[in-house]
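Several structures are given next for inspection.
Here chain A shows up in two complexes: once beside chain B, once beside chain C.
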Partner chain A sequence: MRPAVLVLGLLVAAAQGSGYQRVPGGEYRSVLKYEDLKGSRAVAAFELMTQPVTNGEFLKFVRTHREWQRGRALPLYAEPSAYLSHWQTPTALGPVTSARQPVTRVSWFAATAYCEAQGARLPTWSEWEYVAAADETHRDARQDPAWRERILAWYARSAGAGLGVVGSTPPNVYGIQDLHGLVWEWTDDYSAMLVSADNRSQSEADRARFCGAGALAVDDRENYPVMMRVALLSSLRGADSTSSLGFRCARSIR
Partner chain B sequence: MKRQAKLSVALITAMLLIGCQGGSQAPVVATDTGGSAAGDFGPPQGEPIKAVLTSPPNVPPPTNRTAPAKVIVELEVREVEKEISEGVKYTFWTFGGTVPGSFIRVRQGDTVEFHLKNHPDSKMPHNIDLHAVTGPGGGATSSFTAPGHQSQFTFKALNAGLYIYHCATAPVGMHVANGMYGLILVEPPEGLRKVDREYYVVQGDFYTVGKYREKGVQPFDMQKAIDEHATYVLFNGSEGAMLGDNALKAKVGETVRLYVGNGGPNLSSSFHVIGEIFDRVYTEGGTRYQENVQTTMVPAGGSAMVEFRMEVPGTSILVDHALFRAFNKGALGMIKTEGPDNKAVYSGKEVDSVYLGDKAVSATPVAEAATASASGALTLKQQIGAGAALYNGTCSVCHQANGEGLPAVFPPLAKSDYLKADSNRAISAVLNGLSGPVKVNGKDFNSVMPPMSQLNDDEVAHILTYVLNSWGNPGGQVSAAQVAKVRGTTARPKGAAN
Partner chain C sequence: MKSVSRWSRPALWFCGLLTAATTALAAQPPLPGDSVLQLPGVFVDQASRRFTLATRRGQPQLISMFYANCQSVCPLLIETSTAVVNTLEPAQRSRLRVLLVSLDPARDTPAALAQVVRDHRLDTTRWTLARTEPAVVRRLAAVLDIRYRQLEGGEFNHTSVLILLDGQGRMLARTEQLGARPDPQFVAAIRGALQQGK
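For the complex of A and B:
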C-alpha cells in the first residue's frame, strides 16, 4: 500500500508545479550570529513555493504588471542594464530562454512585487536557511559532508555554463526543491545580513552599513555553503540582479 | 685564584667588544630606502596611463618613468573552466581569465586607480586584496563586487617590491584555492637592473575531489583544502603551463629574471631551478638581494625575484624542491636555452662506463696488447694481461674476480665444463649474449647475459684467453680472427646495441 501512496504524493507535487507547501515550525541553529539571540532560533510554520519562480511565470506577471517590464521598471528598483536582459524582448523570452528555467536577473524590488501580487512575500533568511538545511531525509543535514560537497560542487560550476530547469533536484524532507544546485535566491531581509566586505576581519560585520538590532555576522565559519550564499546576497543592492540569482515566495500562516 | 679571576675579566671584556662591533658596524641603516614614509613622490604628473596587463608567463615592459603617474588598472574577474591537467577540467576563479591573474606593473609613488569588474556570468561576488596597498584590507574592503558589477578604489604605491594580490571574499581559502591570485610589481624609482628576459611564474596548490590526474570535471574538495592535502601543486595553474612547447625560452648569454609568486593557499614553495644557480635573489620580493642561491623559500602569499645568466644550452627545470610536489603533483616547469655549447663550463656526458670501485685496474695492458696486435707481434702473455684488465672491468661484476660466479645466479668460469667443451660457443656468448637455461658443472642456471657489444674482436679474444688460462681452466688461446669468424656467422640478437 505504501508505495502507491508515495507515487500519488509525487504526482500531486508534480501537478502543483510551483505551488506552496506547508513547512512545519521548529527550532534550528543559524550560521548567522544574531546579536539579540543566543542558541537556537525559532521559525513559525509557514508556506513556501516548492520550486523557484520560472521565466514563464514571471513573463505572465510582467504582462499584467507593465511597470515591471524591462525598460519600464524604474532604474532605482531594477538596474536597467541587467534586469531581465536575457529575454529577447520585454514581453517575450525568445529561443534561448526556457519558460521552465528559474527566472534570474530580477531585482529584489521586482521579486518583492511579484510575491505581493500573489498575496505572498519573500521568505525571510531564517525561513530560507531553516528549510535549506534539510536533505531528502533529514531536517538538518548541515553536518553531513555529502550535503556540503553536493552544494560546493554546484558553486564550482560557472554561471555561464547554462541554467537547468526547475524541479530537477529531488524534493527535500519538506517537499521543497531546488534550494541548492540551481540558483541563488533573494530573501526578504537580505540587506540585514551583510558580511563584512573583507571577510577576514575578526571584528563583526561593518556596523556602519546597517542599523538596528538586525546586525548579523557569520557564526559557523565551517559552514562554507551557507556562508557563500550570505556573501553573495550581501554583495548586492536591492536594484541589482545576476544571471544566477532568482527567488521564490512564501506565505505566513494565519 | 687571582689569576683565574683576571682571565675571566679579560674574556668578558673581549666578548663585550665583539658584541659592540657586531652591533655598530651593520651597514643596514646607511642604505635604508625609507619605506612607505619615503615612498610618496607627490601628486601624479601627466595624463593618466592605462596599465598594460599581461597573462602568465609574460611580464609588462618596464615603466621607464622618472615621475609619479596616475595609472589606471582594469581587472576583470572571470570564472572559467580550464584544463588543470591533461583531460582534467577544473573551474578556476580568475583575475583576468588566467591563473595566476594578470601581471600589474607600476612605479613606486604612482597613484593607482583600480577598477575591479566581476563578469556577469560569475556566480560569486569577489574582491581584491593587493599586498602593495597600504590601507585596510589592502583594497578588499573597497572592492566587494557582485556578479555583473564593478568597483573602483585608488591607492598610492608607497613601497617598492613584488607583491601578491588575491581575492578575500568568504570563504577566502576557497577563492584562493580556485586560482584567485597574481602579482603586482612596484618598481623602485630608479627601475630594476636591466635583464634580457622576464617571466611570470606563480605556484599554487589545488584540491580536487578526484585523485591526481583522474580524468573528467573535478570539483573543489573543501575537506582536502582544510587538511592541506593538495591534489596538485602547480606553476601557472596547469600541469603543462610551462612544459614542452610552452617552455620558457632563453638564449645562451642572456640574463633571465623570474618574478616568482606563491598564491598558496596553504603550501610554501622551495623554489629551485635544476641546473641553475640564482645569481641574485631578491628574497621575499623585497629591495635587497642575496647572491649565489640554490633554492629560495617563497611563502604562501609571498614572492621572490630571481635572476640568473644562461651559460650553456639545454633545458632547466623549475621545481618546488619539496620533490613529491614536483614529480607527483605537477610542480614542474621548463626553460629551454638555445645557443652554442660551452664545454669549458659544462662538458655534457664524457664518460659512461662501469664503475669498478676498488676493482679498478690499469688499462695499460689493454693499450699494449692493442699496439702489439696491430703490429702482428701479440704474445700470449700480453693477451692474458689485457684480458685480465678487461675481465675485471666488464665480466667480474657477475662472474666474480675469481671466476666462481654466484651460486644459482651467475655460472662459474673457473673449471667450467661448459667453457671447455666449445670455445666458439663461449665466443658467441660474449658477442651475442646468452639467456635461458644452461647446465654448468652439473648445476642449472637460468639468467640473462647481455651481448657485450662494446668489445671489439681483439678484446673478446683477450678476455677469453685470460679466462682459459686462469682458475684451473685448461689453457689455450683465442685469436681475433676466430672471434671475427664467429661474429660473422652467428645471428645478432634483436635489440643488441650494435
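For the complex of A and C:
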C-alpha cells in the first residue's frame, strides 16, 4: 500500500509539471509608457509557474474539463478553426506533438479557465514584464547588449525549426524559465493594451477610439523583443490563438 | 449542421446557474455557439432589476460598454446610439434595444446608472444601463473585443464602439464612428437585422 501511495504521489508531482516559484515584489520601469503612468511601477510579491503550461498538462485538463475540448469549446471563447488544431484528436496529441512542448493555439478564455481550475490566474502584463526583465544573475538585464542579442537571435530563428520543449532555457534570477526563447504568453490584462499604429501621428479618430487620455507610448524603442509582445497582445481577441502563443499561471500571495 | 450534443453541456451548465426567471428559457433551443448572450453572469440594471444576458434574446440590439463618470467619449457614445436609433423609422425604432454595460462596477451603482438615464432622457423601454461583477466585465469586454484600462485617476481608457447583435446574440456589425452623423453601413446593418427579425 505504502509504495503504491508513494508512486502515485510521484506521478501526481510529475503531472503537475513545473510548479510555482515565489517572485519577490519590487519596482521596475515598464517599457510601456502611459500618459497617466510614468516612472517606476510597483509589483507585489506573487507566485509564477517556472515553465509554460505544456501540451501534456493541458491534455489532462481537457480530459476532466470536457467543455474545453476542441470541437466542444464554444466558438465565442475559442476560434474553432485554430483552437488546439495541432493535436491529432480532441483528446490525443498524436505522434508529431510532444507532451513536453508548451501548449499553443489556446485562447485567452481557455488559458484563463485552466488557471482558474488550479486556483490561479494569468499573470498581469506588469508581472510578466517585471520577471522577464531578468537574466540569470540580474533582476534587470535589459540594458545589457548581450541579453538583447540573445533574445533577438530567437526572434530571427526560422519558425520552421519547430517548438522546443519547456525547461530548455536557463532559469533566470527568480528561478523562472522560458520567458524568452520558446513561446509568447497570454497575460490576464492583454486587452488593456490600447496601442495605435503610431502614436506620433495619432489621428482624431484614433484619439476618440481610445478615449484620448491615457494613450500608450513606447519608452524604450530599443527593446524590440518586448515591443513584439506588446504588438502581438494588442492585436489579439480573447478567442484568438496562434501557433506560438502559450501561457503560464500566476497566484497572488495572500 | 452542428450536432445537438455539442450544445447540451453548456445549456445544462447555464440552467444550473440561473434562477427561476430562466426556467422558461430552458425550453427554447440553445443559443448558437458564437452568441454573446451565452456569457454567464448576473447583471443589475438602472432600476436594480437583476437579469442575465440570455433573457435578452429575441430581437436585435445594440451593445457597448461605458462608465457613468466618463466626461468625454461616453456621452458621445450615448449620443451616437441615440442618433443611430433616430435614423430608423418609428416602427423599427421601437424594436431596437440598447444595452450599455459599465466598465466601472465599483462606482456605477444602479443609482449612478439611473442618473445617466435621467441626464440623457433615455427611454427605458428600449435602453438598459447595467453593471455586473468585475470578472464578468472582463469577459464581456473580451468577447466584444472592447479594450480598456483603468487610469491612475480612476477614469477609464477604452475602445468606443457600438456593436449590433442579432436576435440570437451573434455579432453582426460594429462601428467606431462616433458623432451625430451615424455610420451609414452600420445603420444599413441594423435595418437588415430588423427586417430579418420580422
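By our rule, the second predicted complex is superposed on the first by the 212 of 254 C-alpha atoms of A that agree within 3 Å, B and C clash if a C-alpha of one lies under 4 Å from a C-alpha of the other, contacts with A are read in each partner's own complex, and residues count from 1 in each chain.
Rule of thumb we're sticking to: a contact is a pair of C-beta atoms (placed from the backbone, for glycine too) under 8 Å apart; a residue touches a chain by one contact, two chains touch by 3 or more.
On a predicted model such as this, the values are computed, not experimentally measured, just so you know.
Residue contacts after overlaying the shared chain place A:Leu122 against neither chain B nor chain C. Contact with neither chain B nor chain C is seen for A:Leu32 once the two complexes are overlaid on the shared chain. Of the two partner chains, chain B is the only one that A:Arg148 touches; chain C does not reach it.
In the overlay built on the shared chain, the residue A:Ile176 is in contact with neither chain B nor chain C. Of the two partner chains placed by the overlay, neither chain B nor chain C lies in contact with A:Leu59.
Once chain A of one complex is fitted onto chain A of the other, the partner contacts of A:Met228 are limited to chain B, with no touch recorded for chain C. By the touch criterion defined above, A:Val43 lies against neither chain B nor chain C after alignment on the C-alpha atoms of chain A. Shared interface residues of chain A (contacting chain B in one complex, chain C in the other): 234. Within the complex formed with chain C, the chain A residues making contact are 34, 36-37, 66-67, 71-72, 74-77, 80, 108-109, 189, 191-194, 205, 208-215, 234, 237-239. Interface residues of chain B facing chain A in the complex, by the touch rule stated above, are 79-81, 91, 119-125, 127, 129, 136-137, 140-149, 168-172, 174, 178, 209, 219-223.
Residues 6, 9-10, 13, 33-36, 38-39, 70, 72-73, 76, 138-139, 141-143, 145-149, 151-153, 155-161, 176, 178 of chain C are the ones that touch chain A when the two sit in their complex. Within the complex formed with chain B, the chain A residues making contact are 82, 145, 148-149, 152-153, 155-161, 184, 195-201, 206, 218, 221, 224, 227-228, 230-232, 234-236, 240-245.
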